[in-house]
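Each structure below appears as structure tokens.
Consider the two complexes below, in which chain A is the common component and chain B and chain C are the respective partners.
This part shows the complex of A and B:
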């Protein structure tokens, strides 16, 4: 073996040594679970019997339209998920961008305000969901606030989460509240990287703040907007922790989403053989996420 | 003269800007204020509701939640799970990202894109197989059984961010270190890690926050309440017939305060790290 070939081998070996732990963990936690999940989606199993009943594509078809006890619920959950997937990313951009522009325009208290605006992200999770639940109770502070402001007609005597007409919108508002901080921070970083001369020139030309934002800032920040929308789509499609903690799909399925359905099918059906269904639903969510990503990628490329 | 008008207008705009900003600050703080207020109320006052400032503030609720309800134990469990997950993520994926960013070996591009593509596998899709696998391995319900999938789940985002950060380190530094006789391990440890500190800290925070709050896998895998983490303890507290909101708010406060302190301590790096992620 020549010295050069040996040194090349050593270089390769160093590379493999550096990636080895990550690959090993993936082989343990990732590869098996993905393979197992795919095969389980073609079977019926309750988690306890020694063998699976192979049913081919039936789990998928049952979920999509064949089984009258499953399909309608799933359709409703899919519709709710779709609403969330549109409302949350759009709402996040609509709040975060003006907020970042305002924050960027002031000097005093900027650091303090930024920290305060960031709190909802840092603490997002079960603790804050319980705080919101308390706020939204029938006798909770939110109803009290509305009544004392003379807006009693907006209050919800059943509580905001138990009222079918307000449950989903309320959760959407809380999800937007939780995702504004990161979006605001990304916009703020983007704004600070815009050459100030460009903005000054616009002001000298007599463009007002709104026009500057619309014609100069918005186009320059488009990559950030895209990133925020993509992250938001992904989170609102896959995330269901807030639904699990705050409503568990209620009242009467008004806040059911597909992730939550899969969770229920996988872990809360006792001895019924629903594990294959849960797997199939998980993979349908995956396929939807994949299609969405490909479509987004196309759109991004054609935008350039 | 238009000068006075011109100077008054920006002033007026500024007042409106501050008003809007302060209003949103109030919206951001709203649940926390009530959380803190509830934690300092006693059982009777919390039912009266309505007022934010407790009329008879008391430490008893917090102390009671902390000691009698064993929140200290749950707190330590949470620290353990979150700490091990952050350490695991930083150790494993900084090594891998170094290889993806600067080393040269067959299959490098494929492996990199493979790890990034995992971003699109939803957690719910692999949740059930993970539970079944861990049951077979005998680690279901242990803290290790939480840490391993949490670390694995952070792979895509972490590899993406750290590989970008390592790529932006000037190649001359690496060449100079090699001339001085440093091997890959030394260059990685002495040059690349210190120069990427904001990104490492950002990755740490982005891992720590969701892990600290994780509730979905935790809920279906932990049975033994001596191993509960804070989110499960809180759920346990809230699942009684009549929710005692003052205790629930105290438990929530115990979960939230450490994360706020962590963020305040690290926010300088965190903001720089996130801003760096945008520029790439």
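This part shows the complex of A and C:
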């Protein structure tokens, strides 16, 4: 072997050696898990029995319409999920954009204000959900505040999470609160990339701030808005932690969502063989997310 | 020089790669068991889903070690979903412990049906099983009826014993705060004799303390309303046969029948008296609310007293009684059969089967059960006989008086023979919550909804 070939061989070896851990991890954690999950969605299994009971597409059909004990609950959860998927991204944009415009126009304390508005993102998590629960209790600070401000009619004697008319809207508000910071930062970045000459020209032409935002800023920020909407859609569809911790789908299923249904099917069925159903539901959510991603790509391309 | 540096770089890269791959491989392979457990029969591992049992089990383990020389390491994995996931993953990696404390009457059969639990028939014969309270003795036994109900038991044999009862108790026990009762002008020593009297008690305590005079129950887990309150009430009003007919295949005698609607109307009388926010409270949170004086009454099981005590509620300030029977009903003196709440199982993968069986035998012996009961304030399934009051204390032992009575007056929560196969109690909870406290449906509509839920289960089973 010539010195040149030896050197090439070593370089080749070094290259593969560097990527090997990542490839190994992907094969073990990625491909294996994906393959396992897909197979499981066509089987009945409780995590214990040595063999799986293959059922073909039955898990999917049961969830969609065939099983009268499962399908109605899933349909209701899907409807709740749809409400969340619409309300959270739209609410996020509705709050984040004006906030970003305001922050962009502020000259003093901009850094501090940015940090303050970014706090919900840094602090969000299970502990914060428990803190929210405390705030929203019947005798919690939220009701106290409303009563103190003379807005007692807005207070909820049963608490905001135990009242069917406020439970889901309250969770939506908390989800918006958690997603506004990142959206605001994206908008801020977008605002700072707008050519100031364009804005100046609009002002010279007599456009007020609302008109400038509506006819110049908003169209220029449309790609960012699209990204925020689609990220919000995906998070709303897949996330279930807030529902698990704060209401567990209650009261009486009023805040049940498909992600929570999948979790319950996997771990709250008294070890019944429902892991396949949970997996099938997970894949149905994945397919919906995939369709959204495709839509995302197309919308982003069309906005260019 | 440069070549040497390059070579060392290659060597370092190769070493790091091998190390990382080794770590990945090690992480993904079975651990081969905890160092605490080994095949020498001198050390055992045990998992429980009840954190409140750990200290008591460990105390019993200390006693067991003095007696046998075998060390037992007890580990709690909670909440329930974490316990389930842990067993599932341990089953896959063949890393199950030697002994499991599981939910009796379901979990043991599903794990046992998968071949992961040892059959204890030869270790606990009929004579040994006589040490347990009568209604709990066969809780872990595979019967033809259970094989019909639980699909995972199809490969098991009738007569297999997958667990022996460990703790026992029953649902449908109401706890009253004596101080709040006295403040409302009620006799804190006298429990209500009828459902109507109980509603009267609630009216009085709520009038005395509108915000904190109601009743608490963990309705975030919606089926608790059905299993811990409604079932006992309906059973007492309708009697055994008519109550069981509510769950029948045809809806003619179901929940929407006049008798069924009457029981739902009785239950809905609770509506004005639930504490605020009750549907957002978990089971433990509802008990904590009662212990903190946020409710005058709390509904739970025999196991609730220990939890209340751990949360600062003095047992002497608690009046306990079973869900009172409605007047004009079939049963005027309702009794509640104790059922095995948890069971002890030996895993089939245990390398210390003999020692594990000895540990289970010790825990369920009069001596072991006494050590456990004294430390945990939980009722053991082992019949402690005359020693019960001394070991459990007056208040907990007093609950046992509701266990015995004529069979026709005794509600047995463990009897599932009349329900559809694959019965899922999580499905019957929400309609009842919509009836009370949410008032989203009236009794007739709730009855129709419950019949539809049961009908779907029967349809699935056929």
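Just so it is clear, the second predicted complex is superposed on the first by the 277 of 304 C-alpha atoms of A that agree within 3 Å, B and C clash if a C-alpha of one lies under 4 Å from a C-alpha of the other, contacts with A are read in each partner's own complex, and residues count from 1 in each chain.
By our rule, a residue touches a chain if its C-beta (ideal position, glycine included) is under 8 Å from a C-beta of that chain, and two chains touch if they have at least 3 such contacts.
Note that the structure is predicted; figures quoted are calculated from it, not measured.
**Student:** One more residue to check, A:195. First (chain B), second (chain C), both or neither?
**Tutor:** Once the two structures are laid over each other on A, A:195 reaches no partner at all.
**Student:** Who does A:68 touch here: chain B (first), chain C (second), both, or neither?
**Tutor:** Second partner only, chain C.
**Student:** Report for A:49: first if it touches chain B alone, second if chain C alone, otherwise both or neither.
**Tutor:** second
**Student:** If we overlay the two complexes on their shared chain A, which of chain B and chain C does A:250 touch? Say first, second, both or neither.
**Tutor:** second
**Student:** Comparing chain C with chain B, which touches more residues belonging to chain A?
**Tutor:** Ranking chain B and chain C by residues of chain A touched puts B first.
**Student:** Touch test for A:18: chain B only (first), chain C only (second), both, or neither?
**Tutor:** Both: A:18 reaches chain B and chain C.
**Student:** Once chain A of both complexes is superposed, is A:186 in touch with chain B (first), chain C (second), both, or neither?
**Tutor:** So A:186 only meets chain B here.
**Student:** Would you check which partner chain A:153 touches, where first means chain B only, second means chain C only, and both and neither mean what they say?
**Tutor:** After superposition on chain A, A:153 lies in contact with neither partner.
**Student:** Examine A:269 and indicate which partner it touches, taking first as chain B and second as chain C; both and neither are also allowed.
**Tutor:** second
**Student:** Would you sort A:113 into first (chain B), second (chain C), both or neither based on which partner it touches?
**Tutor:** A:113: touches chain B, not chain C.
**Student:** If I apply the document's touch criterion, which positions on chain A are contacted by chain B in one structure and by chain C in the other?
**Tutor:** Touching chain B in the first complex and chain C in the second, residues 14, 18, 21, 25, 28, 47, 137, 139, 263, 267 of chain A appear in both lists.
**Student:** Could you please specify the touching residues of chain B with respect to chain A in the complex?
**Tutor:** Residues in contact with chain A: 13-14, 17-18, 20-21, 24-25, 27-32, 34-35, 38, 49-50, 52, 91-93, 95-96, 98-100, 103-106, 108, 111, 115, 118-133, 148-149, 151-152, 155, 159, 184, 188, 209-210, 212-213, 215-216, 220, 230-231, 234-235, 238, 245, 248-249, 251-253, 255-256, 259-260, 262-264, 267, 271, 274-275, 278-279.
**Student:** Would you tell me which residues of chain A are touching chain C in their complex?
**Tutor:** Of all residues in chain A, those touching chain C are 10, 13-14, 17-18, 20-21, 24-25, 28, 46-50, 67-69, 73, 133, 137-139, 157-159, 161-162, 164, 247-248, 250-253, 263-264, 267-273.
**Student:** In the complex of these two chains, what residues of chain C are touching chain A?
**Tutor:** 6, 9-10, 13-14, 17, 20-21, 24, 28, 80-81, 84-85, 87-88, 91-92, 103, 106-107, 110-111, 113-116, 151-152, 211, 219-222, 276-280, 282, 422, 424, 426-427, 429-431, 433-434, 437-438, 440, 453, 455-457, 459-460
**Student:** Please name which positions on chain A make contact with chain B in the complex.
**Tutor:** Chain A reaches chain B through residues 11-12, 14-16, 18-19, 21-23, 25-26, 28-30, 32-34, 36-37, 40, 47, 95, 98-99, 102-103, 105-106, 109, 113-128, 130-132, 134-135, 137, 139-141, 144, 177, 181-182, 185-186, 189-190, 192-193, 209, 224, 227, 234, 237-238, 240-241, 244-245, 259, 262-263, 266-267, 275, 278-279, 282-283, 285-286, 289-290, 293.
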